Amino acid sequence: MTAELINWILGGLSIGSALMVVFSKHPIRSVLYLIVTFFLVSGLYIMMNAQFLAIVNIIVYAGAIMVLFLFVLMLLNLNKATEPKTPLLVMLSSVGAAGIFVLVLIAALKDSFIQKSGQVAGNLNAGMVENLGELLFKKYIVPFEISSILFIASMVGAVLLAKREKPIID
Amino acid sequence: MESLTNRKRVVSDKPMTFLEKLYLPAIWGGMFITLKHIFKKNHTIKYPEEQRVFAPVYRGMHVLKRDEEGRENCTACGLCAVACPAEAITMVAEERKKGEEHLYREEKYAASYEINMLRCIFCGLCEEACPKEAVFLTDRIVPTEFDRNDFIYDKSVLVEPINDRIDITKRQNTGKRGVI
Amino acid sequence: MNPTTTNLSASIEFYILLSCVLFTIGALGVLVRRNMIVLLMCIELMLNAVNLLLVAFSTYYGQGDAQIFVFFIIVVAAAEATVGLSILIMAYRNNKSTDVGLFKTLKD
Amino acid sequence: MDTALLIEKLVLVVLLFLVSLGIAAYSTYFERKLAAWIQDRVGPDRAGPFGILQPIADGVKMFMKEDFTPKNADRWLFILGPGIAMFTALITSSIVPWGTDLYLFGRTIVLQVADFNIGILFVFGTISIGVYGIMIGGWASNNKYSLYGAIRASSQMISYELAMGISAITIIMMSGSLGLTDIVKSQHGMNWNIFYQPVCFLVFFICALAETNRAPFDLPECESELIGGYHTEYSSMKLGLFLFAEYVSMFVSAAIISILFFGGYNFPGMDHFSGNTLALLSVLVFFAKIFFFIFVIMWIRWTIPRFRFDQLMHLGWKVLIPIAIINLMLTGIVIAFHEGWFLN
């Protein structure tokens, strides 16, 4: 089963690179591994026939947000790993907590209501542009407009925050 | 003052019009100029195959002349070395022995005569200073070398071969010799 | 897996599991790392895990609504990243460090 | 999957790869020739007749040169940078429709590697990844000039992507599809978008110049200020990959421009032909358009001086984006009137 195999490979690699994001010493390496993760997740989207979201994921996440991260890292010149070392106890307890968390999540979802057999026969092309466009610009037009206002607000906020204040001369 | 060419432009700093602020007409103008140049004749001379014609007063590599009987003209008087502004010329004089009359024209000759071609500025003052018509600048080009020492030319390079005389008649006819 | 009943090429459980694990890794990063930039990145990772789950369910049920939500989440993530990074730049300018411990002073 | 289809696509991919590299190689030659002609010179003419073997000589030179990695460079990322640049430049050509269908061995062969129904978004995706090659390469060199080049490149590319995207949206509205094949087909019969959207074309073309780092927007690598910018520390074939990537992306962007605005493989009077003749002619016409745009891009390089960085940002944010948005709105209104939205 090729499709299933591709899914497993993409999933495994994305978990691996996500781990590398967390555990690589160098922030720039983290960014690059995160980009790899996004690509793998986009691959999973394509496997799920959600092409539009896959490309949007690449354009927005990998192409814009991560460039921003990389840009900030380069501007701040954080070349050396300046981060203080996390104490071993914190490390161990975090890993333990995370393990328990994922166990609880899986246990909770294991017996949940997901219908297991012959029912769902929705639109096969739900992830295609035509469908999403219809939804976005008819059913969800108001949230769409509001999100653009959110964008402008965040843009103004970012400019205001990052702008260097002029020294007050008295 | 009257200008020599009619290309003079008076510079002004009046504000640009809207059309000028668009820059597009200016860009089109510039593009058109470069396009015109694509079809123009190019001025390249492909050097080893084609060579530029030298001016008659061109000053290239030196030559130490011999007279009609093949004797060296130079008497090692040192005037060229004195005249040289770049101090490129050195020489050692020696007296002519018996039996060397077929080699050297006068009683004294240059045992060694060296020109440092890296120092030489090819001004031609050595040629003008020489009273014996011994040193001339020719239209030959100084070849390139890989070692700085190879640019110090001694007599083996400078003196013209007996069988392969170097033509310097053009330079003798320029009229400056013998004017004084 | 029966292709006539679902549009997914793997079972839905696979995607649920994967997204749980990715989310946990993001949360783990927030716990473990001290660098603010890496923290922001871990938040992006968690958002991405949620997105994955939404897309999986959307395809599972053959309806596009969840994908619209993913779209909005991406938008919000972009806004969050810009604001977060500008706050980070401000903090770095004042303290020459990107350690989250700096924000301890906020409680005083 | 159909084995014949697989072989067909594989042949197409290999062919496309070779053609892209060949055109990129000869673009370097042609660029030097054109520069020479514009400056009343001859240009490279020693390697072979008229110097047509010059790209091969250059390639051999690139291979023979010392491959040097700076001591404090990040070794892996230093290698990764040019690789990403080349990869993203090449992969964009996979969705370009090169001509009408070909009929061979009783099969219909589509001259396109992948007909994505979101083709133009794919183009933007690859463009937005393309910046990583330069950024990673510039940062990994551990050189301040490289870093400046990388930062300039990323801010320039992000800024110009916006105006480019908006002007592309105008074209999407005109043709009603994101797929490049549909965009080409919608321009059949001299309905080229350039006649309807000249302003949009201008914006898109300027942005394409900026995205491919061509003059007058070659600030990331400007020799006079940044001694080569992001590829200062690169040598040998890694440098070669960077330079090659630039020419490949120039080729691809010329293809995209001619698809979006000049009808792709459409040409006047194409209805008189059919079958394989039409396919061959359409490919030839398409390549003629591509070569014309490559020529124009080079011609611009040797005419217009480089921008200053603040001028670049001013042009991108305060001129091109507003123009593109106004153009988008006008187009939307016209389309709405045309389809009679205000009547009922």
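For reference, chains read A, B, C and D in written order, and residue numbers begin at 1 within each chain.
Here is the rule we go by: a contact is a pair of C-beta atoms (placed from the backbone, for glycine too) under 8 Å apart; a residue touches a chain by one contact, two chains touch by 3 or more.
Quick caveat: nothing in here was measured; it's all calculated off a predicted structure.
S.K.: Using CA atoms only, can you tell me which chain is the most central one in this structure?
M.R.: D
S.K.: Where the CA atoms of chain A average out and where those of chain C average out, how many Å apart are those spots?
M.R.: About 4 Å separates the centre of chain A from that of chain C.
S.K.: Taking each chain's centre as the mean position of its Cα atoms, how many Å separate chain A from chain D?
M.R.: About 29 Å, centre to centre.
S.K.: Between chain C and chain D, what is the separation of their C-alpha centroids in Å?
M.R.: Computed value for the inter-centroid distance: 33 Å.
S.K.: Roughly how far is chain B from chain C, going centre to centre by Cα mean, in whole Å?
M.R.: 75
S.K.: In chain A, what residues contact two or more other chains?
M.R.: Answer for chain A, listing residues that touch two or more other chains: 52, 56, 64, 75.
S.K.: Please categorise the chain-chain contact pattern as a line, ring, star, complete graph or other.
M.R.: line
S.K.: Under the stated touch criterion, can you name all the chain pairs that qualify?
M.R.: Once each pair is checked, the touching ones are A-C, A-D, B-D.
S.K.: Which residues of chain A touch chain D in the complex?
M.R.: 28, 32, 35, 51-52, 55-56, 58-59, 62-64, 67, 70-71, 74-75, 79, 128-129
S.K.: Help me check something: in the complex, which residues belonging to chain D touch chain A?
M.R.: Touching chain A from chain D are residues 77, 116-118, 121-122, 124-125, 127-129, 131-132, 135-136, 139, 142, 147, 150-151, 154-155, 158, 161, 178.
S.K.: Can you list the chain C residues touching chain A in their complex?
M.R.: Against chain A, chain C makes touches at 1-2, 4-10, 12-18, 20-29, 31-35, 37-38, 40-42, 44-45, 48, 51-52, 55-56, 58-65, 67-68, 70-72, 74-83, 85-90, 92-93, 97-99, 101.
S.K.: Within the complex, which stretch of chain A touches chain C?
M.R.: Those residues of chain A that touch chain C are 3-4, 6-8, 11, 14-15, 18-19, 21-23, 27, 30-31, 34, 37-38, 41, 44-45, 47-50, 52-53, 56-57, 60-61, 64-65, 68-69, 72-73, 75-76, 78, 82-84, 86, 90-91, 94-95, 97-99, 101-102, 105-106, 109, 114, 117-124, 126-127, 131-132, 135-136, 139-140, 143, 147, 150-151, 153-155, 157-159, 161-162, 164.
S.K.: Spell out the residues on chain B that touch chain D in their complex, using ranges where they run on.
M.R.: 27, 30-31, 33-35, 37-38, 40-44, 46
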